[in-house]
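You will see two complexes here that share chain A, one where it goes with chain B and one where it goes with chain C.
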Partner chain A sequence: MGERRFVLLMLMPAALFLGFLVSYPVALLVYNSFFEVSLIDPSSRVWVGLANYVDALTSKRILESALRTLKYSAFALFFELLFGLGAALLFAAIAKRSQWHRTIFALPLMISPIVAGLLWRFLLVGNIGILNYGLAALGVIPDPGAIKWLSDTDIVIYSVAAADIWLTTSFVALVSYAGLTNIPQDVLEAARIDGTNAVTRFWYVTLPMLRPVLAVVVVVRGIDALKTFDLIWIQTQGGPRQASEVLSMNIYQRMVRYGDLGQASATATLFLVFMIGLAGLAYWKVWRTGND
Partner chain B sequence: MTSRGPHDLGKTIINAGALLLVLSYALPYVYLVSTALKPAADVQQIPPSFFPNRVTLENFATVVTTAGLPQAFLNSAVVAVLTTLLSLLIAVPAAYVSALYRRRLTVLFLLFALVTRMVPAVSLGVPLFQIMKTLGLLDTTLGLVLAHTSAAVPLALLLMSAFFESIPKELEEAARMDGCTRFGAFLHIVLPLMPSGLAITALFSFIASWNEFLFALLLTSQNGKTAPIVIAEFNSVYGLAWGPMTAAAVLYSLPVILVTLILQKQIVGGLTFGAVKG
Partner chain C sequence: MKKTLMCTVAAFTLATSAAQAEGITVLVEGGGHSLQQAVADAFTKETGIEVTFVEVPYQGVYDKLSAEIASGTSNYDVATIDVVWNAAFAPHVEDLSELFTEAVKADLPPALLADANVGGEMIGMPTWANAEIVFYRKDLWEDPANQAAFKEQYGYDLAPPATWQQWRDMAKFFTKDGMYGTDVIGGTSEEWMAEVLQAGSPGVILDDSGNVILDNPAHIEALENYRAPLCEDKSVPDNALEISWGEAQNLFYQGQTAMMKFWAHAYRMTPEDSKIAGKVGVAPMIGGSAGIAGIPGPWYNVIPSSSQHKDAARQFIAYAIAHNALGIEAPLGLAATNSAYQSYMGKPGYEHFGPLMATLSAPATKGRPLNQHYQELVDEAVMPAFQGALECEDNVAELLQEAAATARDILGQ
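What follows is the complex of A and B.
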């Protein structure tokens, strides 16, 4: 068999499958976005041109949920990096004896977001959430009812991020640890001989050498955070009063609860374009810095 | 050696810090397990206690006798196994040529796989609902397997092509000198060299499907429901039955944790491959 035919045949199943279950649905999504069409009866549809897009871009609820998605992702990402990098540095400081620490840190790696969300909801929930009892016992808050993590509309979007931070700090920590162990020891040793202190060494040697690894972590985790659905859904279902409704959830609600397939498709198309654009930009940046 | 004193103090502080960090990190999950082991009535006691006053399997008994939940666990397992098999079957040949027959077409194909990983699940879920409805596959195992496989194939493709890249092209050429066809070299020579790569890819596909929520929420309604959907429904149907809910969450997550424990090195390797290699 010729080389070219062999390559085509081997690619064929994957190409057909992805064509049918990724490309075709995406095409259908974009097509639906130009119609007024309901979920119950998708066959009766009215062409509305760009009306769904105009609605999406002028809808207060959609824009708020998009903004909330960004806030949530930035907040989660910041603490994941802070805690993850901190843990990695601690592990590196105790070197080989960190084996057990790293094993325990790895345990949540593959846990479902549903479980993490459920668990944190139970920790934060009003009346029986044990976190507030702990904080009250330590004197951090006056009484266990002082902070309403999941029912205060001002803070709920940050409260629900706790589960995300808990779940993925281990990923950041273990990837950063692997990155740290790849930094040649003699570089750090040379800096030490030059009389630099630990903070200077971290800032001017470790961090720049870790940059490519951290960049990839930010891209991978950032994209995941922007797509979050289940982790928040199980904690609040987007409530109270949509105060924790992120974009994925807005699209889901628009489709399932309101049955508005056209409008949901338009928003989902915008989301998709934004994500691919962002990923393209990020990969281009990371790739460029990686090849400097 | 002379300056051991302060040096040891610094070490002790770092050790204590690391220990504290790891223990507080594990605490939430320990509390989940501890809650599941409490008598159902104690779960919502005010103020809550960290450890059970009495250890009982009451909540687990409720879970295994709750209508729908054993079926949902079975559905989850069946869907995850079929998703794993199907995604390997589809992705492995493509990954093989992408790694060993690098050319513009295969590079583009890998790029396409990478792009599909960026697609938000909800953007795919909305049209998939319509497609599955047309095909009569709503609320069926097959429908959900197809949806999960659409997400698993790109992942398996990228992972497996990274594993295949460790194989020298000369090996395949030597096999063909000995009379193997191209396909024979793939099936009989190269593939048997990749048990760990295949196992890790299978594991990732399995767990991705086992943990998946949004497609299951959109595409199943009654018979096809998977475990996470039923666990989430404890919310509404039973009020807030935290006892059984935590027990179900433990049953659902413990196998995953055990697997992670056993295969920690490979899993961390799989998750970080790319990230560290740059």
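What follows is the complex of A and C.
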């Protein structure tokens, strides 16, 4: 057997898997988006052409959800990178002694988003939440009801991101730590001999060499954050007054709760195209960086 | 030898098909499983028909049954569904009118019968029903010092609240010593919907003809009254929008509120380590100008049209309603028929059945509208206006007018 045939053979299971379990549902999604079709009775469908797309693109509600999704993702990603990279640098600084720290730090990764969401809901909720009690005891806020983390429409989208940050900072830290251990020590040693301080070494040596790893983290976590659903749903169900509704939630509601398969499919298709574009752009950037 | 083998195969095939015919599968949510297990066991013992429960989370019932109907296949012979899905599934389930004998009808609260009737067909049989009733701290209400102080302040005796005004007065009175009088739930709108009926509205959101009445005087009056403890009296935690059923229960169990309106089943579920264990009293839901009214939370047994064992399914449903009291020993302890509840009346630990029956049977008690767009109406029209009102700034009438316009838009009116 030639090498080429062997490679094709090895690819076959994955190709079949993707073919049946990804391509077919995606094709069906796109197909449904051109019809007015009820979830409960998909046989009685009416062709509406691009009407569902026009509705989706002109809907203020969907636009607001999309912008909120970007806001949520940018906020969560920024802090995950900040805390994750910070933790990775600390682990690298204490080298092998960080074994236990890394293990403990990775624990939130084992928790399901639903459980984490529920946990944070009861941490953040006013009057009975531990967070506000702690802040009130420290004198930061006058009483445990002073900050309405989950009911103030101005801050709720950031409050629900706290659970995401807590849950996945460890992922960013572990991947970044793996990247840090791959930076050749002689380059850092050379910079040290040249008289650079820690900040300069980080900015001019560590960070540029970590760029491909960070790009992967941004792509993986970014896409993950954009399609977040369960974590927010369990905390607020998109409320109050839809102030924490992200796009995936809008699609879910339209499809599952309202049974409007056509409209939901059109929005989901637009979301999919956006995500594919974003992923393509990010991978191209990573690939280009790797070839520089 | 060949003949023997063929006979064996034929016998096996017959036995298998007979066994298949003698079994039904019931799609049910967790709580519903426990409530129906005893009746299923008794049914199997009596008829020989095996009952297999497929237990899924709450939303899973809707998702699985719709997927089943959409695919045209059949795995479920009976599904136990929430009343809010009755309208959506009505075209895809069997008419059970013949199971509603005069005796069955006489034994069910009228609101449960009305919810079973979609487009002139009785599409489901009630399995159990719940409603919100008043929960209060007996120790506080029976305290002579509180009784004297309350009478002096408000001019009437301290007793479990029965009217809107009494509810507000008592909530204000008990807002002291680090405790709130009660809570206002902002995460869901059912509690306000009950007040809409108490105010004399012919329905919630829609009238019987399907017209949007979300901005009628009763809806406005009820929302003004519902938010008063939050916006005027300051007798509830001010984070109402964060409070849903779970939070309301926690506040009460932690002793942070003196009373709450809550689903009756919770009476038997007070945690033993709660500081209020053994001190909980119950009373019927409060009343407005139209008297007591609640929003029933019944579940119905339906037979999907795609079921392969419709006769066995009908037998099970008829048996279940005839032996409705068997579910009361389950942790949720609920039933649907008056006779089932009456059979436990007076037994210690079941003091909530009286208030529950009084609420369910009240003339103004009425189910949520049986409209297939119900969920969309609530999420898109009702909740933004309801939660907007609980921010205590906007005009209630204007919010509800906007909500009514959205609702009409959804329904194409």
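Worth pointing out:
The criterion applied here is as follows: the second predicted complex is superposed on the first by the 273 of 292 C-alpha atoms of A that agree within 3 Å, B and C clash if a C-alpha of one lies under 4 Å from a C-alpha of the other, contacts with A are read in each partner's own complex, and residues count from 1 in each chain.
By definition in this document, a contact is a pair of C-beta atoms (placed from the backbone, for glycine too) under 8 Å apart; a residue touches a chain by one contact, two chains touch by 3 or more.
The structure presented is a predicted model; accordingly, all values stated were derived computationally and were not measured.
With chain A as the common reference, the superposed partners chain B and chain C clash. Of the two partner chains, chain C is the only one that A:G126 touches; chain B does not reach it. Applying the stated contact rule after C-alpha superposition, one finds that A:P42 touches each of chain B and chain C. Within the superposed three-chain model, A:G259 lies in touch with chain C and out of touch with chain B [touch as defined at top].
When the two complexes are overlaid on their common chain A, residue A:A66 makes contact with neither chain B nor chain C.
By the touch criterion defined above, A:G239 lies against chain C but remains apart from chain B after alignment on the C-alpha atoms of chain A.
In the superposition on chain A, A:P212 contacts chain B only, with no contact to chain C.
Applying the stated contact rule after C-alpha superposition, one finds that A:A161 touches neither chain B nor chain C. Touch counts on chain A: comparing chain C and chain B, the chain ahead is B.
After superposition on chain A, the stretch of chain B whose C-alpha atoms clash with chain C is 222-230, while the remaining options among 6-14, 168-176 or 222-230 stay clear. Applying the stated touch rule to the two superposed structures, the overlap between the chain B and chain C interfaces on chain A comprises residues 39, 42, 127-128, 256.
On chain C, the positions that touch chain A within their shared complex are 59, 62-63, 66, 69-70, 88-89, 91-92, 186-187, 237-243, 247, 250-251, 254, 256, 372-373, 375-376, 379, 383-384, 387-388. Partner chain C is touched in their complex by these residues of chain A: 39-42, 125-128, 145, 148-151, 237, 239-242, 253, 256-259. If you check the complex, the residues on chain B that touch chain A are 11, 14-15, 17-19, 21-22, 25-26, 28-29, 31-32, 35, 43-48, 50, 89-91, 93-94, 96-98, 101, 103, 105-106, 109, 112-116, 118-131, 133, 146-147, 149-150, 153-154, 157, 181-183, 186, 207, 210-211, 213-214, 217-218, 228, 231-232, 235, 242, 245-246, 249, 252-253, 256-257, 259-261, 264, 267-268, 271-272, 274-276, 278.
In the complex of the two chains, the chain A residues touching chain B come out as 1, 3, 6-8, 10-11, 13-15, 17-18, 21-22, 24-26, 28-29, 32, 39, 42, 86-87, 90-91, 93-94, 97-98, 100-101, 103-115, 118-120, 122-123, 127-130, 133, 144, 166, 169-171, 174-175, 178-179, 182, 212-213, 216-217, 220, 223, 226-227, 229-230, 233-234, 247-248, 251-252, 255-256, 261, 264-265, 268-269, 271-272, 275-276, 279, 283, 290.
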